[in-house]
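Heads up, the next two complexes both have chain A, just with different partners, chain B and then chain C.
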Partner chain A sequence: MGAGHRHELYLPGDSPVHRLPPQCKLLAVLAFAIVVVATPREAFWAFGLYAVLLAAVAAVARVPAGHVVRRMAIEVPFVLFAFLIPVIGMGERVSVLGLSLSAPGLWAAWNILAKATLGVVASILLAATTEPRVVLLGAQRLRLPSLLVQIAMFMLRYLDVIVGEMRRMRVARESRGFAARDVRQIPVIARSAGALFIRSYERGERVHLAMLSRGYTGSMPIIDEMSASVVQWASALALPAAALAVLGCAL
Partner chain B sequence: MTVTPVSPASSETVNSLEVSRLAYAYPDGTQALFGVDLAIGRGERVALLGPNGAGKTTLVMHLNGILTPGHGSVTVGGVPVRKDTLKDIRQRVGLVFQDPDDQLFMPTVRDDVAFGPANAGLRGAELDRVVTGALARVGMLDFAGRPPHHLSFGQRRRVAVATVLAMEPEILVLDEPSSNLDPAARRELAEILRSLDVTVLMVTHDLPYALELCERSLILSGGVIAADGPTRELLADEELLAEHRLELPFGFAIPSL
Partner chain C sequence: MHVPDGFFNAATSVSAGAVAAAGVAVCLRGARRELDDRTAPMAGLVAAFIFAVQMLNFPVAAGTSGHLLGGALAAILVGPYTGVLCMAVVLLVQAVFFADGGLTALGVNVTIMGIVTVLAGWGVFRLVTRLARGKAGVTAGAFLAALVSVPVSALVFSLLFWIGGTAPVDPMAVAAAMGGVHVLIGIGEGLITAVTVATVLAVRPDLVYGARGLSRRLVLRDADGETTVGGTPGGADEPAAPRGALRPFLLGGVGLTLVLAGVVSFFASSDPDGLEAVAENKGFLGQASDHLFGSWALADYGEVGGVPVGVAGVVGVGLVLLVAGGLAYAARNRAGSRARA
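Entry: the complex of A and B
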């Protein structure tokens, strides 16, 4: 499953964007998102320019539009919510295609849609050009709390193992004639989940022993020295800088 | 022999591993070891045989200080296993666990092999050299960039061996090295182990594998060393094996020299 995710999001390549150190890209995406969120919702043309900026990054990274669009499915729940707001919103009503909608609601929906979409596309571009483990190296490099980074790292590594264990337990259940039909089967599923938890917990203990055996003292050693040059920082931060310039004009 | 000065072993006469009068009871009171005595010389390959529940794993846990002796002592290359020597000891004892998924916890093979040496403070080119060397010794150099969960079981076990080889241990301790391996993977691992120039202690109940790889064997049974001698002689003694719940597989005859 984890492996599947890797192939789903990451698009192997050797573009200038792929080659940037992850810490630069992480910070660039974060800064870009902050600028986007800070933009007043009335500045339609600013959002248009942001989209053009992202399209330019995608072009440099050679990430095809289809790749980005398909992965935007993650945004769907927010979109549905955004569509609901004008319908249930209060205040001044306007008539659109025969529907009576709330004007403040429309503004709120536009605000959510535009900003979320830009944020999601920026993240997809980050994920398409950076392997998950490298993203974590970048996070480590940016001195994010090391415990959180380690937890994410182990999740990445053991997701496959745990999903495999879950699958074996399901096969074992089903080969003895079990089929989850209705609520009466919930206790069985719950017990399986409990067993899975205990197995994972015990594996965690064994992994910890293995780590201790190789001299682990509480922090992950930095294996790859990935220092970023000024040029790399500058090229990564060009995206939020350009967005900031747009924002400056919009204000 | 039990009181050894804390100094790195320099002469060839120091044994890789010395265990003397080691006894241990689990916190719940179950006594697992009742006074184990053994010594393994530098460069030896020794098999530790014993039925399930004989205390093999408990003994292994003492070798790098995961458990601390209730009574007696463990000395590795002249350094006693104590709270204050743990860091040093863990560098000297390379433990290869039974399930490689427990041992390979980093995102790629290369990172995993680098974990131990990086904890010991190696960086940059020197770290690369150690990692490349260890992977080359187990024939897994081409897989350095791969995530461990994309490898076959046999490959994972070989990488697990590389992770501890990278620490240049005094002694390599393998827990059931042949478990879950198909015959080809089993043979490949045997070839690798034979090619290594380190002391090996192999914990197993796979008697043919012990015979194939180790000149000498110990039988651990009921928490004590019940026999110690050339593997060939121990395995030929049917009475001894039966007494300790060990059996050669059906149809297996000890090949003549």
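Entry: the complex of A and C
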């Protein structure tokens, strides 16, 4: 990934969180998400403390709050769904502001909102402090099948190329007066998709041949061994450990 | 719509994760058979394509728009094993780098949107292409495969929700709501998938995994005017008799449509509020908070439910039949004119 291919979620920096090896951060975020999901929903203060923990990580990593909040827009569809649950939910009804709402539904909505938000923020912090390619190397260190990691790497590497090609097709369509208004326009979009597939696939063939000519035998060489020291593991796992301590108090 | 953290309980998330891991492991082995050492670059590029295509919004009806899931499309274009791998990688990348879909829900997402859509799509596609050979069969198969894969995926979501969902919503209502909306989305997905496959088929037929049997025999003409017919890659794939081969497809298509509509309307009529939930979803969420906090009451919830059920059912069946029929007709015309030429 050279210049100009930087990922939109990645925020370059040189904080202690940025410097941690990726496998430690991946495992820490995954463990944190599991602890959050396992927390009983009645423990309001526990979720508050989790949020404080994430805020502390963001502060150490020097990720501005605005960066996180803007990226949280991805959650919006499920927030809408969560607001719907108390209205259509079953069970006993309580009256809130003159609306008859289902009590278990309110609990469920709170449950989903709190856990999903914490999970999203943790993922955003991971993506903001770690370069995508490095995250995948970390995943490989965590024994994810290497073929899967390679596929993901090629996908990330050529994602901007393919998306850029699609954007140019869209510009070409729209500069000729095209607007997708109703179902009748679907064939035009679909033909663009077909052309995009052919271009992607043929690019894949060329990439493969280029790699063969450079001695590719089915696995990528690992240039730098990324081993993590005990201290690094300990500092990365401090986040899920603290969350686990909170959970222990909550139970 | 990617499932976030906290939507399913821990047991369901873990078991779905195990299913997803097993499925991906099987597909890693199978994809090597489909692509050998080209697996990594090809599957990577196709995954990038799927990711890009999921960003294509298409208009569904009345101002709403959906986006492609892409499972059936991937299965038909590059084969089921590689298709599952591509979908799994797309979901993985979306969860880790775009925070779209929870990390603990990754297993659920891969199972529902990767494995189920590809399996359902590929199964239907094989069934249809076995009944109807030729390009018409492939196009119609692509349409039906994508059409079926979306509501099936929604129903599996409902099933998981019934087993381990954290929200106290009637599972039948969820099934009806998800099924109803996703039949509509499925029609859009089917149209796009069919036209996309037809486009690729017209330009580079060798790239469509699902149409490998269609390649023509190699005919060599030498200087004396003698012709030699080369090996037959696909066996019986003469362009002859597209008409006769189409009849079983038409019957199959109509039957499938009726079964699909029957299942969905069974869910709908067994529980009227389900469809109303869809109506709310589609209607009132767009119409700002006025309804939510104002005059909208639960009192008339059950009574009005009957009307949209019937209407939606009839409209759905009509639309499906119309689209499938039109598509088959268009495909048949093209195949016929090519055979004559």
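What we mean here is this: the second predicted complex is superposed on the first by the 224 of 251 C-alpha atoms of A that agree within 3 Å, B and C clash if a C-alpha of one lies under 4 Å from a C-alpha of the other, contacts with A are read in each partner's own complex, and residues count from 1 in each chain.
Here is the rule we go by: a residue touches a chain if its C-beta (ideal position, glycine included) is under 8 Å from a C-beta of that chain, and two chains touch if they have at least 3 such contacts.
Worth saying up front: this structure is predicted, and the values here are computed from it rather than measured.
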>> Just to be sure I read the superposition right, which of the two partners does A:54 touch: chain B = first, chain C = second, or both, or neither?
In response: neither
>> Applying the document's definition of touch, where does A:153 land relative to chain B and chain C: first, second, both, or neither?
In response: both
>> Once chain A of both complexes is superposed, is A:24 in touch with chain B (first), chain C (second), both, or neither?
In response: neither
> When the two structures are overlaid on chain A, which partner does A:75 contact: first (chain B), second (chain C), both, or neither?
Replying inline: second
> Once the shared chain is lined up, is A:246 touching chain B (first), chain C (second), both, or neither of them?
Replying inline: neither
>> With both complexes superposed on chain A, which partner does A:207 reach: first (chain B), second (chain C), both or neither?
In response: both
>> Looking only at chain A, is it chain B or chain C that touches more of its residues?
In response: C
> Does the superposition put A:116 against chain B (first), chain C (second), both, or neither?
Replying inline: second
>> If we overlay the two complexes on their shared chain A, which of chain B and chain C does A:222 touch? Say first, second, both or neither.
In response: first
> Is A:236 contacted by the first partner chain B, the second partner chain C, both or neither?
Replying inline: neither
> Just which bits of chain A does chain B share with chain C as contact spots?
Replying inline: 132, 153-154, 156-158, 161, 203, 207, 211, 216-217
>> Please output the residues of chain B touching chain A within their complex, sorted ascending.
In response: 64, 66, 87, 90-91, 93, 95, 97, 99, 101-103, 105-108, 111, 114-116, 118-120, 123-124, 127, 147-150, 163-164, 167
> For the complex, which residues does chain A have touching chain B?
Replying inline: 2-3, 132-133, 136, 153-154, 156-158, 160-161, 203, 206-207, 209-217, 221-223, 225
> So in the complex, which bits of chain A are touching chain C?
Replying inline: 7, 9, 26, 29-30, 33-34, 36-38, 71-72, 74-75, 77-78, 80, 83-85, 87-91, 97, 99-100, 102, 104-105, 108-109, 111-112, 114-116, 118-120, 122-124, 126-127, 132, 135, 145, 147-148, 150-159, 161-163, 165-166, 180-183, 185-187, 189-198, 200-201, 203-205, 207-208, 211, 216-218
> Which residues of chain C touch chain A in the complex?
Replying inline: 1, 4-7, 10, 13, 24-25, 28, 31-32, 37-49, 51-53, 55-61, 65, 68, 77, 85-86, 88-90, 92-93, 95-100, 102-104, 166-170, 173, 188, 191-200, 203-204, 207, 273, 277, 280-281, 285, 292-293, 298
